[in-house]
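Here come two complexes built around chain A, the first alongside chain B, the second alongside chain C.
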Partner chain A sequence: MFSFVLHASLVLIALSMIGFIYRVIKGPSTPDRVVALDAIGINLVAITSILSILLKTTAFLEVILLIGILAFIGTVAFSKYLEKGVVVEHDRNNH
Partner chain B sequence: MKTNDLILQTITKVIVFLILLFSVDIFFAGHYTPGGGFVGGLMTSAALVLLLIAYDIKTVANLFPVNYIYVAATGLLIALVTGISSILRHKPFLTHAFNKHVHLPLFGETSLHTAALFDLGVYLVVVGVTMTIIQSIGEDK
Partner chain C sequence: MIEIIINIITGTLIFLGAALTVVAAFGVIKLPDVYTRNHAASKSATLGIMCILLGTCLYFFQTEGVFNSRLILAIAFIFITSPVAGHLVIRAAYNTNVPMCDHTIRDDLKQQQKITSE
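Up next, the complex of A and B:
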């Protein structure tokens, strides 16, 4: 029963990822694609955690935190590029 | 256009310490669990990149006044010294040694392995190379 629930939630998360991939491909503006990619990263966290329950291992727990941090930094970098045109400024007070 | 990054900068002040702590944990856990010098170095440079995004190169250079090329060179030197020190004990190059009874001032009796020193070299090289690449691309003058 428990294994069935895990597999069903894997299928549901995969379906929601297909929805996000549709938004990444179709999305009319760039912010749509950035938000969809961020959500895909968070779905990847969910898939990794469910898979680590299914495989009965704790070896993937670092990967979960890693994906969260990388998704956050990537989204912040993309947002700053969209807003200011540069990702890393030399001096933000006078340029 | 002058923009206000208050939310990003406040979040960064909290999260950078979490990422640095996670990178140190992943570095020291590398001997028994997944992790090690490479991922730890990448995580440390991810924290520094988050600082670079939220602030700028000048502010981060004031925070960490290091030349990252020297950081990479120090890492290579540490890895090389770890290898050579085994020659001095009449063993082949890069033969690692361990000591179960080392008295450190704060931790008491600990067991140390020289593979951790080699890993420290890898860590410093990864941080130095990644930050050198990102800073030299980011400089737009």
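Up next, the complex of A and C:
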């Protein structure tokens, strides 16, 4: 029963990932795509966590934290690029 | 006996998280503009992933007797950073003039910017 619940949750998360991918492909503006990609990163964390229960190992728990940090950094870099045109500013005199 | 109870709690938490993720995906598909879509995606997906990670932490605490602090750290990190990421994306969207949906009747930020620029 417990394993059935885990498999059903994996199927639900995969379906929602298909929904986010639809928004990434169709989304009319760039922030739509960035929002959907951020949610896809969050979903990857969920899939990793459920798979580590199914495989009965704790070796993938670092990957969870890593994906969370990478998704946050990617989203911040994208939104800064959209707003200012550059990601890292080198101009030291203009502050 | 305690094992069955912990399995029930874990299964409920994980299934609740998966259902919340489906709600987030439905909102992202169905809602009309980028602001409402971000409202669905950032809140619902964050709560869903926190439920799933809490269930995982409880499961490994029951089977192996080891408390995984990395999972608690991941919960805290996602709880802090996911709304911040949503805020940054939406501020970039507003400043690059992404249109709102047709039913929007009120834009307080635009009036405020007009007042401060005059």
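In the analysis below, the second predicted complex is superposed on the first by the 91 of 95 C-alpha atoms of A that agree within 3 Å, B and C clash if a C-alpha of one lies under 4 Å from a C-alpha of the other, contacts with A are read in each partner's own complex, and residues count from 1 in each chain.
Operating definition for what follows: a residue touches a chain if its C-beta (ideal position, glycine included) is under 8 Å from a C-beta of that chain, and two chains touch if they have at least 3 such contacts.
Since we're looking at a predicted model, the values are computed, not measured.
*Asks:* With chain A superposed, do chain B and chain C clash or fit?
*Replies:* Chain B/chain C on chain A - fit side by side.
*Asks:* Quick check on the superposed pair: does A:L55 touch chain B, chain C, both, or neither? Answer first, second, both or neither.
*Replies:* neither
*Asks:* Is A:E83 touching anything from chain B or chain C once the two structures are fitted on A? First, second, both or neither.
*Replies:* After superposition on chain A, A:E83 lies in contact with both partners, chain B and chain C.
*Asks:* By residue count, is chain A touched more by chain B or by chain C?
*Replies:* Greater contact footprint in residues on chain A: C.
*Asks:* Is A:L70 in contact with chain B, with chain C, with both, or with neither (first, second, both, neither)?
*Replies:* first
*Asks:* Rounded to whole Å, what minimum CA distance do you find between chain B and chain C in the overlaid structures?
*Replies:* The answer is 7 Å, the least C-alpha separation in the overlay.
*Asks:* Which parts of chain A are touched by chain B and by chain C alike?
*Replies:* Residues common to the chain A contacts of chain C and of chain B are 62, 65, 69, 72, 76, 80, 83, listed in rising order.
*Asks:* For chain B, which residues are in contact with chain A within the complex?
*Replies:* 3, 8, 15, 19, 22, 26, 33-35, 39, 43, 46, 49-50, 52-59, 134-135, 137-141
*Asks:* Spell out the residues on chain C that touch chain A in their complex, using ranges where they run on.
*Replies:* 7, 10-11, 14-15, 17-19, 21-22, 24-26, 28-29, 34, 37-38, 41-42, 45-46, 48-49, 52-53, 56, 59-60, 63-64, 66, 68, 70-71, 73-74, 77-78, 81-82, 84-86, 88-93, 95-96, 98
*Asks:* What does chain A use to touch chain B in their complex?
*Replies:* 59, 62-63, 65-66, 69-70, 72-73, 76-77, 80, 83-84, 86-92
*Asks:* Give the list of chain A residues in touch with chain C in this complex.
*Replies:* Counting only chain A, the residues touching chain C are 1-2, 5-6, 8-10, 12-13, 15-20, 22-23, 27, 29-32, 34-36, 38-39, 42-43, 45-46, 49-50, 52-53, 56, 58, 61-62, 64-65, 68-69, 71-72, 75-76, 78-80, 82-83.
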